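Look at the two complexes coming up: chain A is in both, with chain B in one and chain C in the other.
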Partner chain A sequence: MIVAEWKPIPELLASLKGHKNVLLVGCATCVAECAAGGEREVLTLAPVLKMGLKDQGQEVNIITRTLERQCEPEFVEELSEIAPQVDAIMSIACGIGMQLVAERFIDLPLYPGVNTTSLAIREQAGLWTARCAACGDCMLGETFGLCPVARCAKSLMNGPCGGTRKDGKCEVDENTECIWRLIVERAEAKGRLEDLVKVRPSKNWSNSGHGGPKRMLREDLR
Partner chain B sequence: MAAAKKDKDFSPEIVALYCRQCLDAEERPQEGARQTKGFTARLVMLPCSGKVEAYQLLKILEQGADGVLLVGCPENACRFLVGSRRAEKRLTRAGQLLDLVNMGAGRLALKRAADLTTADILALAGQLAEQVKTLGPSPMKGDSL
Partner chain C sequence: MKTPVQTQLQQAIAAGRFALTLEIGPPQSPNPEPLRQKAALIKGLADGYNVTDNQTAVVRMSSIAASKIILDLGLEPVMQMVCRDRNRIAMQSDLLGASALGLKNVLALSGDHQKASAAGKLQGHPGAKNVYDIDSIQLIATIKGLRDDGRQEGGDPIAEPAPFFIGAAWTPLGTPRNFRVLRLAKKIAAGADFVQTQAVYDVPAFAAQVQKARDMGLTDKAAILAGIIVPRSAGMLSYMDRQVPGVEVPAELIARLKQAKDPKAEGIKVTVELIQAVREIPGVKGVHLQAIEAEELLPEIVKAAGLSPQDRG
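Now for the complex of A and B:
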């Protein structure tokens, strides 16, 4: 899922300064799964903003909506009746959903209520950890199903870096596994350690962010 | 706190959410407002304290209540096993958010008890009312409720 987290409350309050009617809009898909932008979080954030602004001497009316998917124009259209009644929109969907809302309601200021951080899994209740960085040239087949782009702090292609802690954690974060240690362990367990010393062709970074904004075209679907 | 004046003589409005399993077997569940000396309590019965969500606690305060009391079963006596533990986590989260907006986590309280009468719940609400008096009336008062 796409993972996001609330921006600090003071930052959110500052962005709504001077607004009287605000539409707070969430998304019931990825950001609901990571407890940042679903209906529950919309309903939680709305009174917090209202109380926070009141504390700063500002009365604000907050209208709440949660779209099924904020990254699909059909669902965003559901806001078209309410949008004329507000003077700002705050979105707590991922950056993709936010941009669709901003584009559809171009006359209204759009404030991001969350920071979109990663493509991750829910590893445990209340813990999400990154799994993919959408690099555009997946190498999981060479790394025994473990992604070094998203999960090595240095995105090394030929780790480990040498800094792995004694307990197997990454030198950059004591709570994160050294993914290259895990890759080596899996290779060993499968008796394929040799695979990791093979010289691989360099990775094609141009199929993602490094090649400019990604554009995918399928003529058969147009 | 910007707006709220610290008026210790006001009569706090406390919303008391209580788990029905906390009641004494002989006690009939009661709901609605009770005017008591020094504060008003609104009793709301829940099927389990774990039913409560952080946003509900926040919304009650946003609408002008001075405090919210949550009454759940003793930790190891919850009929739904983890209900009263979940309630505590949600109350903690709501409290952290209240502190961030200068409302004060002290407007929330969780009490764990069993075999309660309505009078017992009102007494617990009274304890919160005393705590809330130190914070002053809710700055949200007058918005609704």
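Now for the complex of A and C:
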């Protein structure tokens, strides 16, 4: 899923300065799964914003909506009746959903209520960890199903750096596994350590954002 | 086609002399004077002097500029290059520039993550965007391409090869340990000519890893220089044992420094013994010696350890 997290409340309050009627809109898909932008979070955040602004002497009316998927125009269209009643929109969907809303209601300022951070899974209750960086050149087949692009702090392609901690965690974070240690262990468990010996050449990053904004065209579907 | 390379370090290794490299960290300043002073202190001792590349992700004078400054003073630099800050375009451009300036030894490293920059007393740049377009092994292959294949990583030809003696780092006792010799094999397959290791204190454990490398024929293809860091206190050793990845310090050694009346002098004795011990390991072709924040001790240690130029064969 696409993972996002709330921006600091003071930042949210500052962005809503001067607005009287604000539409707070969430999304019931990824950001609901990561407890940042679903219906529950919309309903939690609205009074927090209202009270926070009130403390600063600003009365604001917050209208709440949660779309099924904020990244689909059909669902965004559901906001067309309410939009004329507000002077700003705050979205707590991922950056994709936010942009669709901003594009559809171009006259209204759109404020991001969350920071979109990663493509991740819920590893445990209350813990989400990155899995993919959309690199455009998937190498999971060579790394026993573990992604070194998203999960190695240095996106190394040829094995662990010298910084793997003694307990097998990554040098940058004592709570994050060194993914290369896990790759090596998986290879070993399958008796295929030799598979990791081949030097993997420099990666072609051009099918990701590094090649310019991605544009996938499928003539057969047009 | 292999392009011939001549550096003092390469010649020492080729001649079967026991090689010695030391390290010089560039200043956090545009003033070359501190660098010149450090250089004067250790000139004439070693075959090569590693010049670090924004080590621990702290901004310092560039390793190319600092390398050129010490080259002009008669010290042969080993220019370090990390993959954190530059993409393959910038790195190759800097390599051509370095070659034009007369720099011939280059050591390819992944580099410390920028988060490390805020770990000490300094603020560093933990908010920086890192690059890691290529990793250290791909960098080695890229340098080899510039040297032996007369071509850039992307395939375009270069008019003249860049004659680099290519170095790599090795953490023989790192986690996961049974991959570390294979990782060395990858670096050598990619083109490393010499290898400097993480600090060695546990000589038998290190020797066992070198033995595995020897069994795979790796020590014939690249020269291993054992890393030695002069211990200054029991505290320093136990910190390294607990915290520094890939460094194992035997408990006896920590106890020995603890009991010593003069830990600094004892540290020098330990250093001399370590150097003598690694020198006995078949496949070890030299040492990479560091005296962190105590460079003034190096001339004495080098002499005591029998590493003066005339003692190294």
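To be clear about the criterion, the second predicted complex is superposed on the first by the 221 of 222 C-alpha atoms of A that agree within 3 Å, B and C clash if a C-alpha of one lies under 4 Å from a C-alpha of the other, contacts with A are read in each partner's own complex, and residues count from 1 in each chain.
To be clear about the criterion, a residue touches a chain if its C-beta (ideal position, glycine included) is under 8 Å from a C-beta of that chain, and two chains touch if they have at least 3 such contacts.
Because the structure is predicted, anything quoted here is derived from the model rather than measured.
A.B. asks: Given the touch rule stated above, what does A:106 touch, chain B (first), chain C (second), both, or neither?
C.D. replies: Touch status of A:106: no partner.
A.B. asks: When the two structures are overlaid on chain A, which partner does A:157 contact: first (chain B), second (chain C), both, or neither?
C.D. replies: second
A.B. asks: Determine, under the contact definition given at the top, whether A:205 touches first (chain B), second (chain C), both, or neither.
C.D. replies: second
A.B. asks: May I ask you to decide whether A:221 touches chain B, chain C, both, or neither, giving the answer as first, second, both or neither?
C.D. replies: neither
A.B. asks: When the two structures are overlaid on chain A, which partner does A:44 contact: first (chain B), second (chain C), both, or neither?
C.D. replies: First partner only.
A.B. asks: Which of the two, chain B or chain C, is in touch with more residues of chain A?
C.D. replies: The larger set of chain A residues in touch belongs to C.
A.B. asks: Classify the contacts of A:125 with the two partner chains as first (chain B alone), second (chain C alone), both, or neither.
C.D. replies: A:125 contacts neither chain B nor chain C.
A.B. asks: Can you list the residues on chain B that touch chain A in the complex?
C.D. replies: 1-3, 53-55, 58-59, 61-62, 97-98, 100-103, 139-140
A.B. asks: Tell me, which parts of chain C touch chain A in their complex?
C.D. replies: 83-84, 88, 110-113, 115-116, 130, 132-138, 141-142, 153, 169-171, 174-176, 178-179, 182-183, 185-186, 189-190, 198, 245-246
A.B. asks: Could you pull out which chain A residues touch chain B in their complex?
C.D. replies: The touching residues are 9-10, 13, 40, 43-44, 46-48, 50-52, 54-57.
A.B. asks: Flag every residue of chain A that touches chain C in the complex, lowest number first.
C.D. replies: Interface residues on chain A, with respect to chain C: 153-168, 171-173, 178, 181, 184-185, 188, 193, 196-197, 199-203, 205.
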